[in-house]
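Following are the structures in question.
Next come two complexes built around chain A: one with chain B, the other with chain C.
Entry: the complex of A and B
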């Protein structure tokens, strides 16, 4: 379950003073990923990866301007995905999108 | 019965009677594993005992996120809050940031004090490791502006805030501080239940709690109006209440 993965990730992710904060949502057939640092400055240099629960990379893109990145929602996302952001400076964070977040109905 | 035993029994039975409006969310820092909703309880109580008092349906309960307030009043359901009526609701945490819960009650008539009590009560919740907006003020009639982030703070850290009425600092405001004893705590004297501090000339207060858990700060000022009770105009005590949860060192 994508929620169980969330628990594991939460336990494994260290909090840093210069921490990265990632949020993602689905809109108009796209995943919109937002990445910023704790001081509210956007993260603009790095990569966004969309991964399955099994950590298979399903899609990837460079971080967009102003820390906002858009990726097309693919059929492979239907079980839920983890949106990972890694900056060139070594910071990383993630946001989990459940099937419901992606508009998938049973 | 020996006199000493009688005195001990009377002391044990008499509450210290500091009133606090209360907003107590289940967590003050929510991560993704906790889910995206958060139960919240509201009450009016002597928090140290803890001893509930009947809370009428509040005039309003709001949550403010990034400067935008959402009215939660219609979502309230009644609960038992330490032996008296309280309320509960559930907060949606849609995205990372700081959510500020606030309650504006209806005036509470306190015959023992021959006055009404009106506690504007608030607390701050961080969602998904984002603390931006923790120092926001809401523009309540009276409130305490946090000068220290009011969540993710260790027991033994200094908490500071500024007492405001109509947005202006109140010099030398009287502030009561009390622990919400979710687990029983014994105080050897009533003076140790409610701590009293006075704001500085710029309305700034400081306090360091001795233990982890919820601590309420109530800045009390007289209203510049009176309300009628049984045909007589009565004083109104305004309270600016903020609830802050202090974490035990090393606690998860």
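Entry: the complex of A and C
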């Protein structure tokens, strides 16, 4: 009962979603997102969303095993993207990839 | 003629021919330090728009790209400017100006305790980020910038004027603190390092200068004033008229103590003005 209340509290209070750590980079035509909690435990239940600066969702995928998720780099990513990760426990974090990070040249 | 031009090229000072070092800073404090130390050998950019708080501002992706390409990127550290931890910045060209005194950061326990997953009940610590209001620490940040510039510029950087000025502020603040027997009441928790450095109790509220205070906020202030009559109130920027009136109605001495994070004024001038205003408010209380 107490755990259920605590989970509800976490879901209802986005301000508590602040201990997830996300890192992302581009490799071999893919964005690789790595998500873990502050205690180094990988985040494995949740979603990765690749968004434009205007917050348009360009791509999404469930969190992968060991907290690592791969998404194909699409032409729509060329102006840079924000990689958002949100977990079932109500934690969220993001990482910004610029065109240079994505290997996009002018 | 070509030979003459070649001779001129060879003897002309390299610093005149070299492009200025392009420096980007996360706030006006570090930008001002870099400009003061580097002079004409640097161009300094602080990209945060006027009126925005550099601590919470996030640049557009294109702006991050420009920042990534700077010759030198000055970061505050202590969690300041959260966006800098959310993107890749070139390590070799970035300076965390507080790296030398991380053991002296002020951390606070967040007030919310929660429990979820396997972690069980826990709370989180938060680091106070406005380090430069301890002017001795600001001098260390200035020295860190100077060291970074020295590695990149032809001419050694002279820190004496800036550091002497910061230590003079430190001495002035220390004198003010030594003479205080009332706490400061802060509209926002920006003054932790100032309070610790100068032996001043700071009571933090959570007032937005841009918004009229609520009845609950005024009641809370009244409670504080019951325990600490004569306390001086610090706004971090000029308040709306309702805020000014609310404090006047309670006979509270209030000043604007601008923390200088997004500021046209040179840091030493701004802080001298802040300290003079504080001393005057304390003297008239």
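Keep this in mind: the second predicted complex is superposed on the first by the 88 of 106 C-alpha atoms of A that agree within 3 Å, B and C clash if a C-alpha of one lies under 4 Å from a C-alpha of the other, contacts with A are read in each partner's own complex, and residues count from 1 in each chain.
The working rule: a contact is a pair of C-beta atoms (placed from the backbone, for glycine too) under 8 Å apart; a residue touches a chain by one contact, two chains touch by 3 or more.
Everything numeric here is computed off the predicted structure, so don't read it as measured data.
**Student:** Please indicate which partner A:32 is in contact with in the superposed arrangement: first for chain B, second for chain C, both, or neither.
**Tutor:** neither
**Student:** Identify the partner contact of A:40: answer first if only chain B is touched, second if only chain C is, both if each is, neither if none is.
**Tutor:** Once the two structures are laid over each other on A, A:40 reaches chain B alone.
**Student:** I want to verify the contact counts: of chain B and chain C, which reaches more residues of chain A?
**Tutor:** Residues of chain A touched, chain B against chain C: more for C.
**Student:** Between chain B (first) and chain C (second), which does A:53 come into contact with in this model arrangement: first, second, both, or neither?
**Tutor:** second
**Student:** Tell me which partner A:68 touches in the superposition: chain B (first), chain C (second), both or neither.
**Tutor:** In the superposition, A:68 touches no partner, neither chain B nor chain C.
**Student:** Mind working out whether A:95 is in touch with chain B, chain C, both or neither, as first, second, both or neither?
**Tutor:** After superposition on chain A, A:95 lies in contact with both partners, chain B and chain C.
**Student:** Check the residue A:19 against both partner chains and state whether it touches chain B (first), chain C (second), both, or neither.
**Tutor:** A:19: touches chain B and chain C.
**Student:** Can you give me the overlap between the chain B contact set and the chain C contact set on chain A?
**Tutor:** 3, 6-7, 9-10, 15, 19, 25, 93, 95-96
**Student:** Where on chain A does chain B make contact in their complex?
**Tutor:** 3, 6-7, 9-11, 15, 19, 21, 23, 25, 38, 40, 93, 95-96
**Student:** Which chain C residues qualify as touching chain A in the complex?
**Tutor:** 60-62, 64-65, 68-69, 83, 86-88, 112, 114-119, 124
**Student:** Touching chain A in the complex: which residues of chain B?
**Tutor:** 31-33, 95-96, 128-132
**Student:** Taking the complex as given, what residues does chain A use to touch chain C?
**Tutor:** For this pair, the touching residues of chain A are 2-3, 6-7, 9-10, 15-16, 18-19, 25, 37, 39, 41, 53, 79-82, 89-90, 93-101.
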